[in-house]
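Structures for review follow.
There are two complexes below, and they share chain A, which is joined by chain B in the first and by chain C in the second.
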Partner chain A sequence: MIPFLDRPLVQFGLALATVLILPLAMRSGTLASEILIFGLAVAACNLLLGYTGLLSFGQGIFFGLGSYVAGLGLMRAGLPAPVMLLLSLALGALVAAAVGWVSIRRQGVYFVMLTLAFSQMFYFLAYTFSGVTGGDNGLLDIPRPRLGGTVLSDAWTYYAYVAVLFLVLFATLQRVALSTFGRTLLAIRDNEGRAGAIGYPVRAFKVAAFAISGAVTALAGALHAMLIGVAPLSNIDYHTSETLLIMTIIGGSANLFASLLGAGAYLLAADALSAIWPRWLLLLGLLLIVITLFLQRGLWGLIERAVALVTRTPPPAESLPLPLVGRGQGWGWRRQPPPVEGHPATPTANSSPQGGGGQPGARPAPEANR
Partner chain B sequence: MRDRRAFLKTSLTAATLAASGVPISGFLRSARAAEGPLVVGAPLPISGAFAANGKYASLGAAFAAKEAGSVLGRTVTIADIDTEGKPAPAARKMQEAMAQGTRLFAGGILSSEALVMGKEAAKSDAVFITTAGADEITGSDCNRGTFRWTVPTFGAIAQTVRPLIAQMPQAKRWYTITPQYVFGEGLLSAAKAVFQEKGIEHVGNSYHSLAEKEFSGYLTNAIAAKPDVLLLLNFGSQSSDALRQAVSFGLKKRMTIVLAWASGLEQFEALGADLCEGVYFGAQYWHGIDSPLNKALVAKVRETAKMTPNYSFAGSYQITKLLLDAATKAGSADGPAVIKALEGLRYAGLTGEEEIRAADHQVIKDYYLLKGKAKSAMKDKDDFAEVIQSGKSFLSPEAAGCKMA
Partner chain C sequence: MTYLFQILNGLGLGMLYFLLAVGLSIIFGLLQFVNFAHGAFYLLGAYLAYEGVERGLSFWVAMPLAALVVAVLAGLTERLLLRRVYKLPHTFHILVTVGLALVVQELVIILWGPLGGNVAPPEELSGVMILGDFVYPEYRLFVIGFTAILAAGLWWLLDRTRLGAIVRAGSESPSNMALLGYDTLRINTAVFALGAGLAGLAGALAAPIRGVEPFMGVEALGIAFVVVVIGGMGSYAGALAAGILVGVAQSLMATLWPEGARLVIYLGMAGIIMAMPRGLFGRA
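Entry: the complex of A and B
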């Protein structure tokens, strides 16, 4: 919408700036770490929702799985943290691929129901096999990682550890989103039939998107378990999936930095509001209604508007989707200028995202602009 | 340079005071006053599904703080910490509070959050005292920093099932409805052990999930098994829903209903006297307990807050008071000193004479068997039940599985 803001280096710069500013602006290293961890999980969720048009209620499965891998790997198997993190990536990808492989066989409401069903199934698996997962009590006493023989018990030291991983994975996800693979996901999101008709193996792409998203979410789950020292049952609950989706929508699904914004806004608001008013979730409901009705590009849309105001560029339209224009592979995406008034912006057939659509700012097929 | 001067000045003053006979303790007390208020963290589910319990518990902690006024020359302040009823925010917020210097914590209503917070407290030489129910808190997951006021599942069953078996020798067939998680399993295994010992026929059990709200299927199974007693082993709104549905199915006329772990006055208020009449309830606390501290508390709360203390309020009051009393006894608000003062402490508690067992940090206190009164027999709006029996039943620390690190 604002071409400058959407440049990948700017996006990464914003993520880097956030990572550097958080220690200066916040008192709690634990909360700051949690923001980055959820930022990662939300970015992974955004890869499915924003880039592939898949509204999945299964993200909590992978987050919980990562937490359990951390608990079992570090405490029972005695694995070093880096090995455990790699294992969580691999297992997250594997399970997500399996869940995705089954779920994408149906579209729309049925796809959502399948992911919801998987979510419940994994929750009850974790609940039933309490000998492995600790059941309702969770896995306790998960240690923090060691670096050079020192345990990262200090909140800000652990934050630094999380920050490095966050930046690496953020850049990786950006790379994925901007690659030919990522562009194809956008094509699938905008017009699945057309993407299939021109020869893309749509299912394989969707399963791959699930696997990447699941891997990153599982790693975030593992980092979270090491942060709080426990792998609770609630991490694999469908409420976690719901929270990740809400964070994605609050931030906006336009780009990956918006995901960090969504995670940060949600966690900071929850932290501040819960101390003031027990029914703060009501406010969250109101915020969601406002965003859905008036701010479909989420908080990121607000930033775009503010920048547009300062730079005196035309304000971004909330409900008018704009097409993406590929400038080749890699880091060079930009957006097309708004369409001429009265001219149909996009063929309506383009918007058929799975999960009942609802992807704010759904854009027409990029392949139309190739 | 300034620091060295200040140090020399303080040392000189202390030496002068000591030499002139002014008690050093008085001097230290005033030094502590300069440390600011004594903050007691109250990590409670202030928002979320258990917000109602959290609200009363928060009031109870504040009442204890107000009553104490100041401890060690420092004004007592309660810092509410909203756990949202989930272990993850609970652990994070405990870490944050400890980073800000808080070392005394009283709270944790839900078992899963209490277990996590106990671990966090132990890591940082803090003290955490809770009213949560999971046996592991003072069993297999016991630790130096965690104390628990409530009676675990073994005692709850011993003080409800045993007296009822003695009271109703003809009731030989018992049916159980159990939530399938650690707490429910704990109650069920304790009940089965009593059944076996007393020659009771356990004619069936229905497991339900944590999310269950509809119990008619389980109740139909119970009716089919023709038991003399229906023992409900679930908790909170689930036990209320199960009881409500059991009464509407007419089970109260066909069999005796026992709710082993009731959540106290708030549950009676929600259910109403008609529903509770003739039903037996196990309880950690009841406002009608005949003990000096409880009588004083009930009178004071009724006078000042125009309410009768319920279990959430009273439990939180008691554990906050325990921490403050221990800090006074220790002459320090540091974690290790308070832990030492709490271990083995005998005191006049809300349930009468109570003692904190040093080996597993479990408070040894009474558990109560109540019987719902008829509406016409109630002396006031809160007089829902009469205390049938009370007593102390606890596994040894070894049998509970506690290996204190």
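Entry: the complex of A and C
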């Protein structure tokens, strides 16, 4: 970890720079808006994966929900866009809290499978009640928002609208991550049992993390529906959940800017490759395998290594799969030496005189006892 | 009478779900490895059976051959790729197998096209069985009988043989097994191949019933997860009971409320999890 890069202001600066550079570097305002929208949803996914240690396969639920809120709110209910966006935040939080509340009854892999099953459930819910959602066709002709009497029909003016919301929510997510609440999420991620033993209501914290993540994801979904003018069924299906998760891991779960990086890299690569070869998903599959084997800290890990090379600080250890320690130390904090597995600061009960070697069978490895 | 028809349909479907889920379950039990590529093995099994029949092989040859090829390919994948990933957190198990599933799915589309096709049931079983005024396709009856025998055989394998004992002991404590001198790496490969082979077999058996198409893998993966969640991970009886339950419920709903058939499955799963977080047969 390069502490400098994890400072909140640097992170926000990177996000701001991206927002400003995209219009200069890209031709398609639609694609640029998509990068910010997915960047937002991926950052929300990262709040669960990177900060809370919850691998949610259900983020598509909230994304799709937001799209439907946009379609129904703007067209059926005739709400103004800002009210509709607030509504998407509220509904996203509500549904995510419910999904989270049921899913966290199980842990680890079971939790992942539950969130995936829920994503299927909501997909079929949307598919079954086609009177509301338009079924396979989705909700069509969703209008762009108005600002000062003019409709933001130009791609780059809508980009500006998205960009402002993106920066506000990015900063909000940063505040959440840096707050006592966010710190507690890290504690839960690193050692759930210990956080509970100290007296934190672990489940309430997890549900709250879900709610925040779901709210932001739903807003991103609403923005996406207004961008493409459709709330498609595909926004709520398994593949959206999968894509959001893939973007999160490609970027790296170390910090929130890494999420924007992941979304951007995925969308740009998809745009370029799908034009060349319709079976580009094959390459994506191979890329995921390569990332697993060689690039476990994602693109952010690459950047860290590059910065380490330039500034001649020791490069971050690639062997550590997830940045478990010292992340985002906040302003003015010195980086502390990373604690070693097994908490060496407190002598363990059976560090007896005969030394730490011990018999292999006597104390099973943490993975062995389930 | 339509209900009996649907219940029989559901039984056949449920047994296929069981084959899928039990493979997923034993792989997870032994390797602590979440296999998101399980649906891809099912997909591959179905397409290999399809290819075999298209090339003029008898279904009786193509079906076991498809399962065998899937098992061998899965074993190789485990050996060359997945083995390097076990020590990483679950996130990367999921990432690598999602990647694998994408690769398989896209290869299937490249090799066989995006449209899918139909597989004729074997000639001996292409007719219908008539009992009074009850008519039922013979092939579906065969699937029920065959998978029932298979399930019994599998139970015998896992519960009564030395191999089964090794597998069960390995899922309790891999380090102790290694300490006793067992080659756990080879056991891992074998079990992974077995689980994937079962998924491939389920695909091959399902092909004459539902045809083949490139996205059947994703659907199967979702169902397999539901079955495992309802039945309780690592429980053979749970996989069987939940598989049949899901299959029969899905078939019955197909007559009562066709559009909502899938929805009911997932709602039911949510209900069961609320009431029994460990699933029907899950261990504490």
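Basically, the second predicted complex is superposed on the first by the 320 of 370 C-alpha atoms of A that agree within 3 Å, B and C clash if a C-alpha of one lies under 4 Å from a C-alpha of the other, contacts with A are read in each partner's own complex, and residues count from 1 in each chain.
The rule is short, and it goes like this: contacts are C-beta pairs under 8 Å (C-beta built on N, C-alpha and C of every residue); 3 or more make two chains touch, one makes a residue touch a chain.
Worth saying up front: this structure is predicted, and the values here are computed from it rather than measured.
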Partner chain in contact with A:Ile246 - chain B first, chain C second, else both or neither: second
First (chain B), second (chain C), both or neither touched by A:Leu31: first
Touched partner set for A:Asn137, first chain B, second chain C, both or neither: first
First, second, both or neither for A:Leu125, with chain B first and chain C second: second
Which of chain B and chain C A:Met113 touches, first, second, both or neither: second
Which of chain B and chain C A:Leu49 touches, first, second, both or neither: second
Of chain C and chain B, partner touching more chain A residues: C
Partner chain(s) touched by A:Ala204 [first = chain B, second = chain C, both, neither]: neither
Touching partner for A:Tyr238 - first (chain B), second (chain C), both, neither: second
First, second, both or neither for A:Leu286, with chain B first and chain C second: second
Common interface residues of chain A - those touching chain B in one complex and chain C in the other: 124, 127-128, 130, 279, 281
Chain A contact footprint on chain C (complex, rising order): 28, 32, 34, 81, 84-85, 88-92, 94-96, 98-103, 105-107, 109-110, 173-176, 179, 218, 222, 225-226, 228-229, 233, 259-260, 262-263, 266-267, 269-270, 273-274, 277
Chain B residues touching chain A - in the complex, by the definition given at the top: 46-48, 51, 54-55, 80, 82, 84, 86-89, 91-92, 95-96, 99-100, 111-112, 115-116, 119-120, 123, 134, 136, 141, 180-183, 209-210
Residues of chain A that touch chain C when the two form their complex: 49, 55, 102, 105-106, 108-110, 112-114, 116-118, 120-121, 124-125, 127-128, 130, 238, 242, 245-246, 249, 253, 279, 281-282, 284-289, 291-293, 296, 321-322, 360-361, 364-365, 367-368, 370
Contact set on chain A toward chain B in their complex: 27-31, 34, 124, 127-128, 130, 135-138, 140-141, 153, 155, 224, 227-230, 232-235, 270, 274-275, 277-281
